[in-house]
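Below you'll find the structures, each written out as structure tokens.
One chain, chain A, appears in both complexes that follow, with chain B as partner in the first and chain C in the second.
Coming up: the complex of A and B.
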């Protein structure tokens, strides 16, 4: 029984790390520019396709994952420059634009790539034993990579000049501008970083799950639950909530019912909104 | 003078032949058939090939001179509406077709979510509807729905032949069922459980997962430790492939799979890692055709669509044969508009096209199917005579 609980917990942590990566992009953009970017899931989907096609052509998942990360970083920066910069200060316009982007990107992808699901060959396959536990090799690799990316992103925010500028801007855009932070550049950077994280998450998703033009909806829904659960704008909250959601889904599906999988996240979200209205770590007090 | 008279007489005969009553009988006008289906969105994988099949049949009928009914020849036209894989859009699309008074027969929709509103509206409007989705079995045959037909076999019909083949091919004794939590699954679980029981196969665990699930690891762990030798894994290709792949990843699970879906695609990549995979081909096996009719159809399909045959192409046969069967019924009834008369002829007919198909007296499809098998690295199909 204990072994089963441990195994189920590890399943939850593995998928939770992916959720956290997606939620980071959403929470960062909201924290900085006040836009709930619903089209973030489409960056995950496009990243997955980039990885899939590059892997198919080059037979290297790693080349595919790196290109997916870079391509979605550029895509994020372009979106900021072409679209979201014009909706700054108008959250409803930003929301409407991001909803429109979902329809456009999703249908263009369906027309271009066909709706057929595609499965990519993972870089490692099979399972390995860790003491009494049997772990999936690819899931373990995803956990290591996503944890490293989340940790790296955390260090980037804490230690680099741009990271500090992002943190300053998240506290006060005007204040940051007054002390010399180039807010336009930082805004673009944060869309690029959020996009790159989504691209990397897409590549990791593709190594585990089916790639379809409509796959963006799942990580997006989870990303929003996590961002709200962790407190919109709170990076540590998003990371913790990602793992929490992964664990809730995993234990719920294993010991309760798999037919209610998405419901577990919403139950936690509702409880959090009732009892922790500013998120797990109180986004209003401690942001980024 | 006589020569001129002869020429005049000859011209008169030609003119009479061209423009007289006999010629007029050859140009009866246009028969419009409605098609509603998900041409975009996640269900388009089913409905796009289904639409191609219908267009192909219509092109072949028109190419061979047109639809001949009651001494008249009609050109057939397809009026197509996109359901976008959404029930509300499907309802609007159905309404659009219903607003065209010249459309007396509508075909289309292979998935239940957009299919139910279409079938319901067609039944209410008393317009003949031939669909393919599973939930249509709950609509066909109900009082007032005499013009509703399902062009594919019901689970009860297929399962009777499918289960013995599965048990024989895979040598099953104890299986678990992992299927989506929806009406379709609940219907077929009820149909299959007693048949496996009769065949001496135990089913100690049945689990329903949330539709759209991508991560099956936690629910698959429920199937570990039961001593199972097979898994019955639902009906959708993405789910089936994800379950096979993730089952192999986490280990300690059976490697024989029974698939209620219609394609071997979910198992192809894993053929050397699994012990067997059996699926239903509700139309005909296009991947390894043994029948000359099927081979000829594949050539015509490629020429018509300029596409290669892929895993989902066999859905094209759902309405391809239905169009020909309908034209035969119209011919037998001597009308293109009297739907009750056409429906009566359809229900009493066996059509031997690329598929061999018929409808029972309620309108449920009763057709021969193929059963696909992947075993020991080989792929083959077994014809199942249902009719």
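Coming up: the complex of A and C.
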């Protein structure tokens, strides 16, 4: 029984760290430029494809994952430059534009890559025993990588100058501009960093699940739930909410009902909005 | 912040000034209604199964966009759950008929009541917040959730393979609503009902309060409008109408599946409204014709159609936020001003 709980918990943490990677980009873009970026899920999908194609050409998951991360970082910066810069200050135009982008990217991908699901060989296979626990090697690897990336991102925000500028801007765009933060550059960099995290998440998704042009919707949905649960704009909230959602899903589907797996997070979200309207830590912007 | 408030106020002033100008002439409205009735009568006169089929599809689609206009165009709330409620209505009605043995017509009020409850339960937590971001996010997540649940609850809904619908609305007062033409009349009637409701809402105190909420929530609250209640009411009304359209779609297509609730359909519906012109009466109809009608006539493959529509959404929201109806409006009023 205890073993079962531990195993389920680890599974939840693994899924949760993946969710958190996607949610960070959503919550930061929202906190900095006020845009709810629906096209963020497409970065996960494109990242998965980049990783898949590079892996099948070079037979190295690592090269694929690194290229996917870099490519999606560039993609995010390009999107900011081409589209989102024009909708600053009008959140609804930004939202509408990102909806249009979903359709463009998804259907170009469906036409270019065919809608057939593709499967990639994970870099490690089999399972190993940790005391009495039997763990899947690939899932453990994903857990380690994604936790490291989330922790690294946290350090980046706390320790680097750009991170400090991002935190300043999420508190007040005008205040940051007044003390000399280049708000344009920081906005672009947050699209790039968020995109890179989504690309890395895509590579990890590709090592676990099928790659299809429509795979972006699920991470996007989870990312939205987490961003709102943690308080829109709050980074610690998003990380905590990511793990909470992962745990809720794995325990819910293990002990309650597996067909309702995707519903648990939504119920938590509704309850949180009713009783904790500023997010888990009250860190989100009240009345956004 | 003050800048934004000032801007939204000038925008509001601009919009109401435009409305006054439009009200001075009823000609565009009359022409619009004539064109619509002409369009609606085509499948009745023209004997082609394809035209009747396309007409029914367009009418139901337009009804959903008209209903979205109430929450998005009037109240300024970004609801991304129209196709989810469309699908919910189809399943609710079908299950009421199959499992409770109800008549199709009797299932409609029950479907409406269930949808209204569900919509209020989803909308209230999201719309307690100022601005529409939470609603966009939650309705999107809700739509995906509903689709996945429908696909997962095999025993109840038939799972991802969908459900066959064997019944028809049947003969009512000597008119066979089960025939292709009868279903077309039903769909058109429902579209006209939605248009009527949206016009009544627009002209009522409720509608004016929604416009005030859209233009400035703080100002509206200071005028004594219960902002949250108005937003929830608009969302509930829009969702209920979408669900009824779904119930009619079920008997029309005689097959329903969880794919009806896909997020891309909700996005397409929002796109139709953006392209047509949110907040206008003609906008939803124009948007539907452009989105569904044109590609259907041009026979574009489905993937390229959605790609094209994505490009149109991006271009319209960047360059013409008032939509085609807004452009026509500007052309007409601009021309008249020059003529004065």
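A few notes on this one:
By our rule, the second predicted complex is superposed on the first by the 283 of 288 C-alpha atoms of A that agree within 3 Å, B and C clash if a C-alpha of one lies under 4 Å from a C-alpha of the other, contacts with A are read in each partner's own complex, and residues count from 1 in each chain.
By our rule, contacts are C-beta pairs under 8 Å (C-beta built on N, C-alpha and C of every residue); 3 or more make two chains touch, one makes a residue touch a chain.
All figures in this text were calculated on a predicted structure; none of them were measured in a lab.
Superposition model on chain A: chain B and chain C are shown in a clashing arrangement. When the shared chain is aligned, no partner comes close enough to touch A:164: not chain B, not chain C. Look at A:218: by the touch rule set out above, it reaches both chain B and chain C. When both complexes are overlaid on chain A, the residue A:249 reaches chain B alone and has no touch with chain C.
Shared-chain residue A:81: touches no atom of chain B or chain C.
Of the two partner chains, both chain B and chain C are touched by A:262. Note on the chain A alignment: of 8-16, 26-34, 44-52 or 278-286, the part of chain C that runs into chain B is 44-52. Annotation: chain A residues 107, 110-111, 218, 259-262 touch chain B in one complex and chain C in the other.
The part of chain A that touches chain B in the complex is made up of residues 4, 7-8, 11-12, 14-15, 107, 110-111, 114-117, 119, 125-127, 134, 136-139, 208-210, 212, 214-215, 218, 249-254, 257-262.
Against chain A, in their complex, chain C makes its touches with residues 4, 76, 78, 121-122, 125-126, 128-134, 136-138, 140-142, 144-145, 148-149, 152-154, 263-264, 267-268, 270-271, 274, 303-304, 306-307, 309-314, 317-318, 321. Across the complex, chain B meets chain A through its residues 40-45, 181, 207-210, 212-215, 217-219, 221-222, 237-238, 241-242, 245-246, 248-252, 269, 310, 312.
Those residues of chain A whose C-beta lies close enough to touch chain C in the complex are 30, 36, 38, 83, 86-87, 89, 91-93, 95-97, 99-108, 110-111, 217-218, 220-221, 224-225, 227-228, 232, 259-263, 265-266, 269-270, 273-274, 277, 287-288.
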